[in-house]
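This is the structure, below, for whatever I ask next.
Chain lettering (A, B, C, D and E) follows the sequence in which the chains are written, and residue indices restart at 1 in each chain.
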Amino acid sequence: MMLKQIFPNVAHIWPQFVQGIWDTIYMTVWSSVIAGVLGLVVGIILVITQEGGIAEDSYVYGLTDKVVNLLRSIPFIILLAVMFPITNFIVHTTVGTTAALVPLVVGIFPFYARQVQNALLEIDPQVIEAARSMGSGNLEIIFRIYLREGLPDLIRASIVTVISLIGLTTMAGAIGSGGLGDVAISIGYARYQNDVTIAAMLVILLMVFLVQFLGDWLARKTVHL
Amino acid sequence: HSFTGNASTAKNATITIGSQGSDYDIWNHIADSKQAKKLGLKIKVKQITDGVQLNNATAQGSVDVNAFQSYSYLQAFNQQHKKNQLVALGTTYLEPLGIYSDKYKKISQIPNGATIAIANNPANTARGLLLLQSAGLIKLKKNFPALGNTNDIVSNPKHLKFKEIDDTTGPRVVHDLDAVLISNTVALEGHLNVLKDSIFHEKIDVSTRSNINILATAKKNKNNANYKKLVKLYHNATIQKYIKDKYDGTKVEVQKPLSYLK
Amino acid sequence: MTDLQNPIVDLHDVSVTFQSNGKPLHAVDKVNLQIKQGDIYGIIGYSGAGKSTLVRTINLLQKPTAGKVTVSGKDLLQLSSSELRKARKKIGMIFQHFNLLNSRTVLNNVEYPLLSQRISKVKRQAKAKHLLEVVGLAEFEHSYPEQLSGGQKQRVAIARALANDPDILVSDEATSALDPKTTDDILDLLKHLNETLGLTIVLITHEMQVIKSICHHVAVMDDGKIIERGEVAEVFSNPQQALTQNFVDSSANVTGALEQIKADPDLQDLAEGERILYLKFRNKATKESLISDLTELYQLKANILFANIERIQTTSIGYLIIILSGTPKRLADGINFLNRHGVRVQLLPGKKGADNDAEANIS
Amino acid sequence: MTDLQNPIVDLHDVSVTFQSNGKPLHAVDKVNLQIKQGDIYGIIGYSGAGKSTLVRTINLLQKPTAGKVTVSGKDLLQLSSSELRKARKKIGMIFQHFNLLNSRTVLNNVEYPLLSQRISKVKRQAKAKHLLEVVGLAEFEHSYPEQLSGGQKQRVAIARALANDPDILVSDEATSALDPKTTDDILDLLKHLNETLGLTIVLITHEMQVIKSICHHVAVMDDGKIIERGEVAEVFSNPQQALTQNFVDSSANVTGALEQIKADPDLQDLAEGERILYLKFRNKATKESLISDLTELYQLKANILFANIERIQTTSIGYLIIILSGTPKRLADGINFLNRHGVRVQLLPGKKGADNDAEANIS
Amino acid sequence: MMLKQIFPNVAHIWPQFVQGIWDTIYMTVWSSVIAGVLGLVVGIILVITQEGGIAEDSYVYGLTDKVVNLLRSIPFIILLAVMFPITNFIVHTTVGTTAALVPLVVGIFPFYARQVQNALLEIDPQVIEAARSMGSGNLEIIFRIYLREGLPDLIRASIVTVISLIGLTTMAGAIGSGGLGDVAISIGYARYQNDVTIAAMLVILLMVFLVQFLGDWLARKTVHL
């Protein structure tokens, strides 16, 4: 078998490698979904409450802005530790892929919120004004204008975020969450089994390309041109 | 994917062992071994690469037993976690820490002002400094703490400079620095044999006894019979032979009563 | 500045001040404007006069710096935000820059205002399609705004503004990007809606023809203020301000004609007994025949160089530039005759003439 | 479709096809257009006819799907990109949607085209300031586009298009957002540049008045094709296509007037011997006096309900709606007289009249 | 002294702590500058060569796009290792703050390139068209339109990137680069000196806030409204 020749050590740890793929997918998908929703909500709060926003509120903005920055300031490894009791409370365990979701979500959603904010800021204020003139309320403007007109940008922001998230999952090995990053680091890298590192990275790369490709395709589709 | 590791005393319940690096491999081997089955132990091994997290998880119960740390590392953890104390179940082995260098063959050749890399993980920092002291390069404070660091050096006649690095990078930077302290787990993976390749390494004696590796569990499981069987299992002759062969005898078996550590 | 009973739009002392390079800029300056239900109210003025800013206060898209905005009897500044939203739905708005939703098809753009109403998708789309047919864009329903020409975009904006069956339509140069034929069609549509449904229309335009053909009232803005206002026929036939006069003249194209004639070398070479006259008049539905009378009564011949005579509602407004020829005595009599009939006569400088007012010349 | 010697703009069989909802849309369809140096060439047509798309091929902003674009003797499609850039600098363009740079002040926007030229900052700014004065925006030099009204933005775009001293100016509805006075000022400016510097101007407009007052030639587009073209006076006085006729009529406002008159109850009630006539004529610089002649020769009285007589270059074009009154015999003679003098006469339905062509009636 | 009471261990390692601050600043500033330039260049290449760009070139785009994704797929810790030879070649050492610059730059510039790409995509194509009609070449369009009209967005993208970079420097401790993150993790966290962790994170937080504040201020200033 080819695999055995080019990637001898991979063949050796094959079940672990496959498990790593699944773990990465599991962590990426779930934390994308959860952090996606959270980040979207927080990003929208940032956009609408900021100066000139449709629900301008310097107090809410200031607070949200600061919380986002606060969370973004915490190194991930420390976030793991800080999240420990919360993780335990939410998922009743502190190790493993599921436990990793909590710090991953907390680690990535503020980032996504910023990306969402930056993406939605681009929407032409005149279009929002037109919607207001037609009697649209804030919720309608959020759902029918921001999330619709800003969709291609949101998709691009999401691509960047998901790829960053895949990168982050590689650090979640610290709490035993496994995943390809952990395979690459604690087996491939730490044990000088370069073939494992390369194989793991190839799979990660594949995932990154897939995300980028799907995202680009979606973004293009939603622009309609 | 979630495994509620409520430390169960019931027979045949799966024991989750948290480990990392070569210990992870060893315990994987043990888990699959006939010997384990004979003792009726179902073992699941989980790799958790961050020591603090692994101890936390053990204290909290997500992991039943962990196998990665030296006794001094455990003590340091306990000092800070009065509520969630860990206890040692038994000793396993001692891995000598070594001083490696591409440039020099002997300690005495290390020049003035040389840069030496030591581990940035606290147990190994302290341990490294102690080793440097026994090599005669530096002198440390009298009551050098379990997690002491370079601030505790009282005399540094060669004006050595220290770089704290992630110990796993040790073998990779050895050609770049004057000397690097590498723990054996890492050295092994970098195809370095502490007994042959290092220019200086630890001996097993009273001064290094707190560096002996142990199996640890949450304090409430101190007397769990199943867990205790793990110690016995580790020292099983067949298993020891496997370890010795695989690691060129660098994981020196230590089978001492817990009282020896104190 | 008539005090209307229950105007549908009532702007009271409305001001809007912008900060522009540190200096305050009074885009709208203490404007009072009452528009009654069913009116078609035109607003004209120089570029930058504050027209767009003013009409944007009608639905509070532009919050006035000071003043009170009452629409359909409600003080908009006192409304809760949900009440304001409800009020806005009844004020359709066509923007100077269209402001279409780029991510939606033409059809979906027109449907947008209906989304928040409890009507079925089928009905909603039927309505939107109907409106698109009305503005002549039925075949473009699945196109996106980027695929449309300027005029097509503007028509989508018009259809969208009408989708909600508004009580008031505010239109900011809604026909400026349209060709004359399409403009006529749109104006006919607006007139029809005004007549059948009583739609009140406030429209900004630079095309005097638009004012003349569909507006009942007109206001002239300058530098943030309304400097003149009234019934269209009244204002156009008897402008009080120089600016208004200017606009009215330009709408009759008389300014260009005057220049052209003054510059024409042929016309500098008038025969004895020829005069170039510029005549301006307005009559209540004129049944007079001035030129014929001049010929009949004074044996004067009139060669019409330029004429613009049109009716705004029941008033005839005329601008004529003629070469009148005859004996000097008869010329004077003819001019006197014209003066008596309310025609302002101005003598234009031909080779033989002086640049004087003919009135003054003979009286 | 004259074959010009060395036209400055020469579009040969130019087509632009878009994909619109899967179907091909021929926005420009095998158009040939030659414009000579120093010409002012107007382009009119319905919304969506392809005017913008066509003029955008002149500087290759829109690459034609097929055809050849020659400007100042160079085949643009064959130029290297740096040559094309050089060529573009000599083609100023005013966009339908202004396309100003939002991050730059008004002054900097006008300076932009000069940035890549080796002239000092002082000179550059002086030139930009001068242009801003010319378009009446001197006081706004430090404002940003967002702070301007629609017409002000358009004027910035005009100033910017002129900054490079272009040989050709392409203007896409450059005055549509401007009030009549400002429009006149801008047109005067363009005319002046045309006369003094020989600037060739290609302009799209929906305002026939703009065509009449400054264009030498005009082309009428419909559905991607040029359906009629020629000298302005020629086209306006003798339109060959229904569409052109339509535009010309609308420009004389005669369409509205006819409707108004037909709808007026007063005018339905004509006395015996009264006829409502719709007269159309064009003469080479008319020195005739038709109305006076009718009165003098046939004792007919003419009451002018509507008149639009203007001169385009050396041709007088007239539209008149009159009530002519006299004895039946004289009426017939008078109409014959008008016919003889090249006036097309149409009898409008009054109460007593039939909807027939007066010509047919009497011949 | 207050410090000693609230942060006893910080007082104890004060020189190291201060050094950590400087190290973080050093790494952040330099890798920001270098990765900034690199990311900007690559981001611009992505924008101009992509479909519909001013220098459309599907080959260059495809290649650049893939390299960016490739670099983004590599977990940072592996990047550290992969970069060893290159780092050694460039800065003649593989440990310490300067050595950390190389992997930091390689780790962050592809991310920044994406951010730049997303930011510049927002510029109204009609404005670019106007510039083209005035004879602007690609370089002029890049410098006078993209980098000018897109400035507020670029600044926002830079804020996100610098903050991510500060996060990344905390991982560079693995190659002895020190920095506050390393102080927080290997002294504070690993040695259970919570006060050190908290103190280090407070300083990081301060930096993040400073970056965000300055960035927001700049972005607002460059919008001119």
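Note that in this section a residue touches a chain if its C-beta (ideal position, glycine included) is under 8 Å from a C-beta of that chain, and two chains touch if they have at least 3 such contacts.
Just so we're clear, the structure is a prediction, and the values are computed from it rather than from any experiment.
Here the chain-to-chain distance from subunit C to subunit E, counted in touching steps, is 2. Among the remaining chains, those touching subunit B as well as subunit E are A. Ranked by how far their CA centres sit from the centre of subunit C, the chains are topped by B.
Most remote chain with respect to subunit D, judged by CA-atom centres, is B. Computed from the mean C-alpha positions, the centre of subunit A lies at a distance of 35 Å from the centre of subunit B. Spacing of subunit B relative to subunit D, judged by their CA centroids, is 90 angstrom. Put simply, the C-alpha centre of subunit A and that of subunit D have 57 angstrom between them. Contacts with at least two other chains are made by residues 97, 147 of subunit C.
Contact with two or more other chains is made by residues 81, 189 of subunit E. Of all residues in subunit B, those touching 2 or more other chains are 52, 168, listed in ascending order. Listed by label, the pairs of touching chains are A-B, A-C, A-E, B-E, C-D, D-E. Listed in rising order, the residues of subunit E touching subunit D in the complex are 124, 126-127, 129-137, 140, 144-145, 148-149, 151, 222-225.
Subunit A meets subunit B in the complex at residues 26, 77, 80-81, 84, 88, 91-99, 173-176, 178, 182, 185-186, 189-192.
The residues of subunit E lying in touch with subunit A in their complex are 65-66, 69-70, 72-78, 81, 111, 114-115, 118-119, 121-122, 153, 156-157, 159-160, 163-164, 166-167, 170-171, 181, 184-185, 189, 197, 201, 204-205, 207-209, 212. Considering their complex, residues 59, 61, 81-82, 85-89, 91, 93, 95, 97, 99-104, 112-113, 115-116, 144, 146-147, 160, 164 of subunit C touch subunit A. Of all residues in subunit C, only 18, 20-21, 44-49, 51-53, 96-97, 142-143, 147-152, 154-155, 172-173, 176-184, 206-209, 213, 246-247, 250-251, 253, 255-257, 260, 266, 285-296, 299-311, 316, 318, 320, 323 touch subunit D in the complex they form.
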